[in-house]
Amino acid sequence: MDILNIDITVPLRSFALELALPLGTETVALVGPSGAGKSTVLRAIAGLARPSRGAITHAGETWFSSERGINLAPEDRSVGLVFQEYALFPHMSVRRNIAYGGTNRVDELLERLHLGALADARPGQLSGGERQRVALARALARDPRVLLLDEPLTALDAHTKASVRAELRELLREIQLPTLLVTHDFEDAAVLAQQVGVIVDGSLVQIDTPAALVAAPANPFVASLTGANLVEGNARAHGDLTEVILDEGTTVYSTDSGTGRVGIVIYPWEITVSAGKPDDSSLNHVTGTITSLVTIDNRVRVQVGPLTAETSLGSAERLRLKEGGQVVASFKATATRLLPLLQPPR
Amino acid sequence: MTRRPLFPFSLLVATVISGAFLLLPLIAIFTRIPLSTLVDQLGNQVVLDALIVSVKTTLIAQALILLFGTPTAYLIATRQFRGRSLAITLIELPLVLPPAVAGIGLFAAFGRSGLLGSTLRVFGLELPFTQTAVVLAVAFVASPLYVRQAIASFEAVDQSLVDASRTLGASPARTFARIALPLAVGGLAAGAALAFARGLGEFGATIMFAGSFQGVTQTLPLAIYAEFENRFEVALAIGGLLVVISALLLVALKIRLPWTSSTSTSLFLSARSRSS
Amino acid sequence: PRRTSAQIRVLAAASLTNVFPQIDSTQKYSFAGSDALAAQIRLGAPADVFASANTSIPNALYAQGFVEKPVVFTTNKLVLVVPTSNPAGIKTVFDLRQKGIKLLVGTPTVPIGIYTRTILKNLALTSVLSNVVSQETDVRQMLTKVALNEADAAFVYITDAKTVDDKVNVIRLPAWAQPPIRYGIAVLKSTQNRADAVAFINKVLAKAGQAKLRAAGFGAVKNGVTTYAGG
Amino acid sequence: MTRRPLFPFSLLVATVISGAFLLLPLIAIFTRIPLSTLVDQLGNQVVLDALIVSVKTTLIAQALILLFGTPTAYLIATRQFRGRSLAITLIELPLVLPPAVAGIGLFAAFGRSGLLGSTLRVFGLELPFTQTAVVLAVAFVASPLYVRQAIASFEAVDQSLVDASRTLGASPARTFARIALPLAVGGLAAGAALAFARGLGEFGATIMFAGSFQGVTQTLPLAIYAEFENRFEVALAIGGLLVVISALLLVALKIRLPWTSSTSTSLFLSARSRSS
Amino acid sequence: MDILNIDITVPLRSFALELALPLGTETVALVGPSGAGKSTVLRAIAGLARPSRGAITHAGETWFSSERGINLAPEDRSVGLVFQEYALFPHMSVRRNIAYGGTNRVDELLERLHLGALADARPGQLSGGERQRVALARALARDPRVLLLDEPLTALDAHTKASVRAELRELLREIQLPTLLVTHDFEDAAVLAQQVGVIVDGSLVQIDTPAALVAAPANPFVASLTGANLVEGNARAHGDLTEVILDEGTTVYSTDSGTGRVGIVIYPWEITVSAGKPDDSSLNHVTGTITSLVTIDNRVRVQVGPLTAETSLGSAERLRLKEGGQVVASFKATATRLLPLLQPPR
């Protein structure tokens, strides 16, 4: 059941943000390039930016309606907004920051977010992760009916990010509120949200589960966000398959249909690297020298021509991969997704 | 290698010259005042009267400047409107008036036959030659210095903190009182210090609009003028007293509230960006 | 029977700063340049009596209907003041003819400036005006500068000169060359306390008042009135 | 619901009151001046002479203020030292001096029997009653306003840009000229506008230290005083002229250099990041 | 051969930075928590921070020496420093920004870093990746003999980061300069640097190749940075092995030796998840319910009790893993590394 209904147009500097999004008690992540309008969505819902058209309703109550001339002030909408840089009040202690939103649940929230020991500290004395928790506690102290999180993890160190993310995931699951979460990072979106909406230049280009986005990226931005290789070429029908001549010369086949200029999307983990043409069902083979070889965790990323392949540390050692060596990168026609190139990829 | 220190050296030279130029006259005045004369002034009835008038009117003027100037500055700082830059220029304009002309302007506006004269008379108010007139004269010449600085300080308050306050359920009034004001307080204090200094030294507009009635409108600068007729040293001694008092007050105003030192840099920085 | 009198506001020329309170210490005085006081009166300042260091200002105000008919209540004399150190070695007014002297005079727009030019003309010394470094509007400013030894000489009223006679040497000027310097006093048309204002002026005109003025260096008015008529 | 608009409403009320208070005297002056008198003044030799003296001395004073005040502000803004806050207070102190006392201070420092009198005489310099004296008086009263603002503007320049310049091989001097100065220029211009306005209206210290001599030291404010006695309207008209000229100059100073608007965001961001 | 020799002490607010580091024509990454002193190292080398003790020499030339009282000004040391936020001059065009460092190679650098089309743009009009390239070009225009990069990738969007990182890697390889690179992110360090130095509280706690850091993290911070599970327990000898009783109760075995309070480090990809006790060589088994299940790329992260395990999407589907299900997480004694717990882990 949808609790929050958003259907708005917000004019921005060089384009307009247009968004229609119904939201139940789930977490929807908004991802997209810088300047796409993600923060603007949150600001419009919170009442900090005024749409030129449309309506925002929450459980039957109208927060904004251009037709009926309604525009509730931010303090009259029950939203908890966590700002990207947290926007903690520097002149107040942690406790007073939280109490600013509402005094009823301060102690409960201090405890729940493990802030008890820090209650009297000033924000300037806190680490990034602690600040993030204070910002969250403050937003929750208001007893909001909608939670809006603007890049809550961006300001964190890489080594604290994972644990804060896990805590946040727990919390979001517990509080059961309609939640919109803006992030630059697909991994964050995948961990925290049930649905991921992709906003590019003010438009929602795709919204789906994280897995579905990976399985079928609707546009080049989504593809590169999810970590895919993106190369370009010219497509034409070839029996049941589509034949694509890559710009660099190689011909590959895809089970997707398409003609003319297309983008080809292949995920690194769907590319096998071998010394010669392998004896498997892969239809596509790109031969080239290894230009780079990087170990990350227990995996090795191998750059072969325009493609990045990913292989396990074990097989990389077995194949004695090394930079400058000649290898074949193979991938199936089913793993070769085609995208129309409406706009030049960024 | 010999050329390198030229720049820091010339900075230092310029600073020494500026500092000497600004301080020498102050120091020189003190060399002319016998210390005993300076101390004696505290027992001089004219000086005591003038001191009381000065402190009283300057404090009231300062209160009015803060009371009306602060919301004015907040409005100008937080609203975008056409002619905003013109509005700031108009606020600066009183600074350019020679003091006597300012006094005439006050007369022409608030005097008996001034623009608001008949309106004020309806309320039984006659301002010229009253202590109220001193307050108005001081406020008129000093407030531009405060308002201008206050605008800059409010502009410097991080907008996201204001937004955060609103989304946390605070009204604009509460946001102003609990967020904008405490965060701008360092800059406001600096502006108030400037205005206070200017107000305490105010002479020309006061003598024109308020006259120089001992015990009523005769402030310390007016008493200095009156004492020139009498005893030259005494006049200078009052001047020295004024400088000492102001220096003490300015230093006291500089004692910032505890958290402002940590935020002062950021205030400054963000101030620039918006103003430029 | 005497009615209880209200305090009146007296706007008086700066040179009267010391003497008026001696004549009547119960009134409220504001001392400033006569021209500034005139400006205040023209702008409708709420006051009762105007005492000017000349007669032309009160006469002009009278003609414009701001004050009642002024009367002359005292006179003054011009003197030359030089610093006690007297770096230019000025002994008499004729020494002002030396080149390079820093001489201060009033501007031709203020009484002191007009009187100074008259006396120089009478002394056939208008050439010394080439030594003028500043045309001042305020007698006290001139005195201050001479007292500070920053100017070599200035023409000022004798009454002002007396107030700093430890800092300046006073050089008297021949009586025959002195222009008539008369102080006018008048009641403001807008006064709410005409009776008290008139009473104050009469006090100034009375014997005791005149004695105080003479003690301060002012001159007596020949054939002067002793009661204020106004009108 | 009826209580909500109270706050913006009271802001507006305060602003209207402040605005009216600051502008009414200015407007009232103009209502007293017949337009023809105002225009006639441009043909009055006294006014023309005074205008030339005013413009000349104010411009030279302004040039000196910029020349010495800018490095002074840069030094104070970029160096951490004990007594820094005291130094800023000392710079503000000249504002508090009543004009006549300021004039006496200048005499006592730079007059022929002043502290530096004999030194200056060695160089054949006698300052009082010269145009140089006007320049010094104007500089003395106006420079605190500039230096104070300039310190704030230099403090606001992102330190990492200064550091970047140095690591790119630029000397401190080049860094100052190519980086700090262009980036602070908006704030410097605002400070210069304040100082300029104050300098143009300067009366008390000038008439004391420089005297008033037509064509040499008589500035517009001094001419106004000289005209009070004779022709009140003329005096007012000169005042009106002064206001108009200053308003035009202030507005002209507000026209900012082209890039300053585009940099605001990036400055803002880097500013924030430092503060957090 | 070492070109740059650093051996300095820089007093900081709450501790002193102490570092001795010789550097050849290689890239060394400095990683560490926020406030550890990483930027200070770069600033000291560039001449922007003054060490209290020590020396910095470059190819025989002394840049700083406390003993000999030498402290060259920043402009006299030939370093190219790229600031975290790039510190581009906002009032200059891209071309003039680059020319500020040196005018000889401006056109070559514009071309080499693909900035030709942007030569006349102002920094405010550039995207993060473009700014990064301008900052790099400007630093290189000076013909530096040492390159210092302070978090060059942090300001970038997640979806542009990978490509910018690859470009940077190429560039660093080409220019062959001693390079110090500060980063929060172990993955960035692994991709860009031959050696990774870990700085904690001003001290270099470990410096080694990325792979060696993963194989043998010297302290809890390094372990969590490289993505390991870190749990605590009490150890005692048990024959050839060490027996560790985890705080949560389970007993595990490690081939590392140790006694008393220890930290136990296990990488997620070394933990196998199965329905029951597996039939393999794993000695350690932790039984628990799945509290979270997140898909990232083609891998699934499974949270079992205190441990995060990583498994392939395929095997997760095969095992029908779902949240709340009971599973066994198994890992070998050789994969169970022990760390002394000198300081409480952060």
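For clarity, chains are labelled A, B, C, D and E in written order, and residue numbers in each chain start from 1.
Everything that follows uses one rule, which is that a contact is a pair of C-beta atoms (placed from the backbone, for glycine too) under 8 Å apart; a residue touches a chain by one contact, two chains touch by 3 or more.
What you are looking at is a predicted structure, and each value in this text was computed from that prediction instead of being measured.
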Neighbouring chains shared between chain A and chain D, ordered by label: B, E
Pair of chains joined by the greatest number of C-beta pairs in contact: B-D
Between chain C and chain A, distance of the C-alpha-averaged centres to the nearest whole Å: 87
Whole-Å gap separating chain D and chain E, where each centre is the average of the chain's CA atoms: 53
Distance between the centres, which are taken as Cα means, of chain E and chain A, whole angstrom: 23
Residues of chain B engaged with two or more neighbouring chains: 4, 100, 104, 108, 114, 158, 171, 225, 228, 263
Residue numbers of chain C (touch at least two other chains): 36, 39, 144
Per-residue overlap in chain E, given as positions that touch at least 2 other chains: 73
In the complex with chain A, residue positions of chain B that touch it: 158, 160-161, 163-171, 178-179, 182-183, 259, 262-263
Residue ranges of chain B in contact with chain D within the complex: 4, 6-8, 10-12, 14-15, 17-19, 21-29, 31-32, 67-72, 74-76, 85-102, 104-106, 108-110, 114-116, 136, 139-140, 143-145, 147-148, 152, 158, 171-173, 176, 193-194, 197-198, 200-204, 220-221, 224-225, 228, 236, 239, 242-243, 246-247, 250-251, 254, 263, 265-266, 268-276
Complex interface listing, chain B residues touching chain C: 100, 104, 107-108, 111-114, 117, 126, 128-129, 207-208, 211-214, 216-217, 225-226, 228-232
Contact footprint of chain D on chain E as seen in their complex: 43, 46-48, 73-75, 77, 79-81, 83, 85, 87-91, 100-102, 122-125, 138-139, 141-142
Residues of chain C touching chain B in the complex: 9, 11, 14-15, 17-18, 28-32, 36, 39-40, 43-47, 140, 143-144, 147, 160, 163-164, 167, 190
